[in-house]
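For reference, chains read A, B, C and D in written order, and residue numbers begin at 1 within each chain.
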Amino acid sequence: MTDRLERMPFAQLLGIELAAADEGRAVGRLPLTEQLTSNPSSGLAHGAVPYALADTVAGAAVSTLNETVTPTVDMRIDYLRPAVGNALEAEAEVVRNGSTVATVDVIVRTETGDVVATARGTFKTSGASGETPWESGAGVGGAE
Amino acid sequence: MTDRLERMPFAQLLGIELAAADEGRAVGRLPLTEQLTSNPSSGLAHGAVPYALADTVAGAAVSTLNETVTPTVDMRIDYLRPAVGNALEAEAEVVRNGSTVATVDVIVRTETGDVVATARGTFKTSGASGETPWESGAGVGGAE
Amino acid sequence: MTDRLERMPFAQLLGIELAAADEGRAVGRLPLTEQLTSNPSSGLAHGAVPYALADTVAGAAVSTLNETVTPTVDMRIDYLRPAVGNALEAEAEVVRNGSTVATVDVIVRTETGDVVATARGTFKTSGASGETPWESGAGVGGAE
Amino acid sequence: MTDRLERMPFAQLLGIELAAADEGRAVGRLPLTEQLTSNPSSGLAHGAVPYALADTVAGAAVSTLNETVTPTVDMRIDYLRPAVGNALEAEAEVVRNGSTVATVDVIVRTETGDVVATARGTFKTSGASGETPWESGAGVGGAE
């Protein structure tokens, strides 16, 4: 799992780290740097930064329970507090793993534990191969 | 508006370009490079890439109608087709601009016109200053 | 299709009418009565009333393209204007019909054409039978 | 609060009961009857039934923290298990109460504790009066 993230260029570009992924849960981390901000002076991460972490960690969580690739079908993110500080941390949990789709909850926090955002998404758990052009390994993130 | 995107480090990191923004509408573009992919061999962009484009262009659209900063409150994205090809293009339209929140629709397409994803979000249109630490310019993207 | 709605007690309770359903599209109507309001003096329909119409019409639209039952996986609704007047009208369109899930867009309007709400949902298109207790006919609305 | 629900015709039509509402939390209950089903033989509640309970209880929760009416801006519901049994129970919690909008999480369960659905919504916390035609009491549910 960690290996796969290392082969995911976009995760590498942002600096997303996968700390753990097992039994429907995954934990990730993303150090915040100036290039991830919306505004250098405020230090606030762009809204797509916590989203990228949430989508990636959610995909990792659902992948632990399914042998196939598990593309994102849809995701909603709610922004609760500014994404600031040294790093963001995210925990994802599969709350339903059905034969065709899974539902995953994610909480994104600052290093000091403040909840920055919550996300909830639907991921495919079957049927990806044969109907998509990227059945070999896209896995985490992306459309079916 | 275009100037502001040039001062937004994360938009620069990804390569997001704002082509137009006026009267509640905005159009943006994002050339796809290998570093934006989930898997180099498939060429598929990571799911957070169309999201980043959608959130940024939506924020630009709502900013055209409001003098204050307009942080994202929440956004949902639905993935319809693989995000592949030379570039992604996004059009955002404010479908309701209320005194406190706006609703914005976004369509993300490939260069050949295939719809990659649709997104819909709620953005603040007032009250950002005084309750947040980043009232000066965060503007597009990010939490309130 | 219309027959099925007539056998759906909740649609009957509210008064939902299915005007047309074919080739991934469906149109429905719901006369507004006092018992559907949040507040009798305002005449405003409860937020769950446009939702019920949207979910039902969306389910009908996706059912036109799939032989199996098509339960709702998730749905988001955005409220744009007050749901008032003599009746609500909804149009649903399947924007992607995949082998396992479909994405459906819905617009809910007043009789005078004002957009009351937009909704977007993910519906199952396979796999419902065998993993659920209601494979025979639940069809429109409800979870997988 | 309980009084207000008693004056809400749609809540009465469905049979929604508000058990408690205080300090950003609310608990509600909805006995399931045949008229709330999608299919009488399955006993499965229509998808809009848990939504109606969730929206109503969420509105009650956010109302405990704000003096103004608090219309729903948007809500997403995810269906996890069949809505069956004698009754549905819902718990709502305001996870962020900002000066203009609040974010509310809801869990809907069967009487035996199985999670039927989760919902997350954005509600207005200011600005409703003066820009809407129903400032007097619509309160729970409905658009701004």
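Convention: a residue touches a chain if its C-beta (ideal position, glycine included) is under 8 Å from a C-beta of that chain, and two chains touch if they have at least 3 such contacts.
A quick note: this is a predicted structure, and the numbers were derived from the prediction, not measured.
**Student:** Equivalent interface to A-D, which of B-D, B-C or C-D, with over half of contact pairs matching by residue number?
**Tutor:** The A-D interface is reproduced by B-C.
**Student:** Consider the two chain pairs B-C and A-C; indicate the one with the greater count of contacting C-beta pairs.
**Tutor:** Taking the two pairs in turn, the one with more contacts turns out to be A-C.
**Student:** Determine the centre-to-centre distance between chain A and chain C, using the mean Cα coordinates as centres, and give it in whole Å.
**Tutor:** Measuring from centre to centre gives 31 Å for this pair.
**Student:** For chain A and chain B, let me know how many angstrom lie between their CA-based centres, rounded off.
**Tutor:** Centre-to-centre distance between chain A and chain B: 18 Å.
**Student:** Once you find the CA centre of chain B and the CA centre of chain C, what distance in Å lies between them?
**Tutor:** Measuring from centre to centre gives 29 Å for this pair.
**Student:** Identify all positions of chain D at which a residue touches two or more other chains, and write them in rising order.
**Tutor:** 73-74, 76, 78, 80-81, 103, 122, 144
**Student:** Any idea which chain A residues touch chain D in the complex?
**Tutor:** Touch list, chain A to chain D: 76, 78, 80-81, 95-96, 103, 105, 115, 118, 120, 122.
**Student:** Give the list of chain D residues in touch with chain B in this complex.
**Tutor:** Its residues touching chain B are 73-74, 76, 98-101, 103, 122, 124, 126-127, 131, 144.
**Student:** Taking the complex as given, what residues does chain B use to touch chain A?
**Tutor:** Against chain A, chain B makes touches at 7-13, 34-49, 51-52, 55-56, 59, 71-84, 116-117, 132-134, 136-144.
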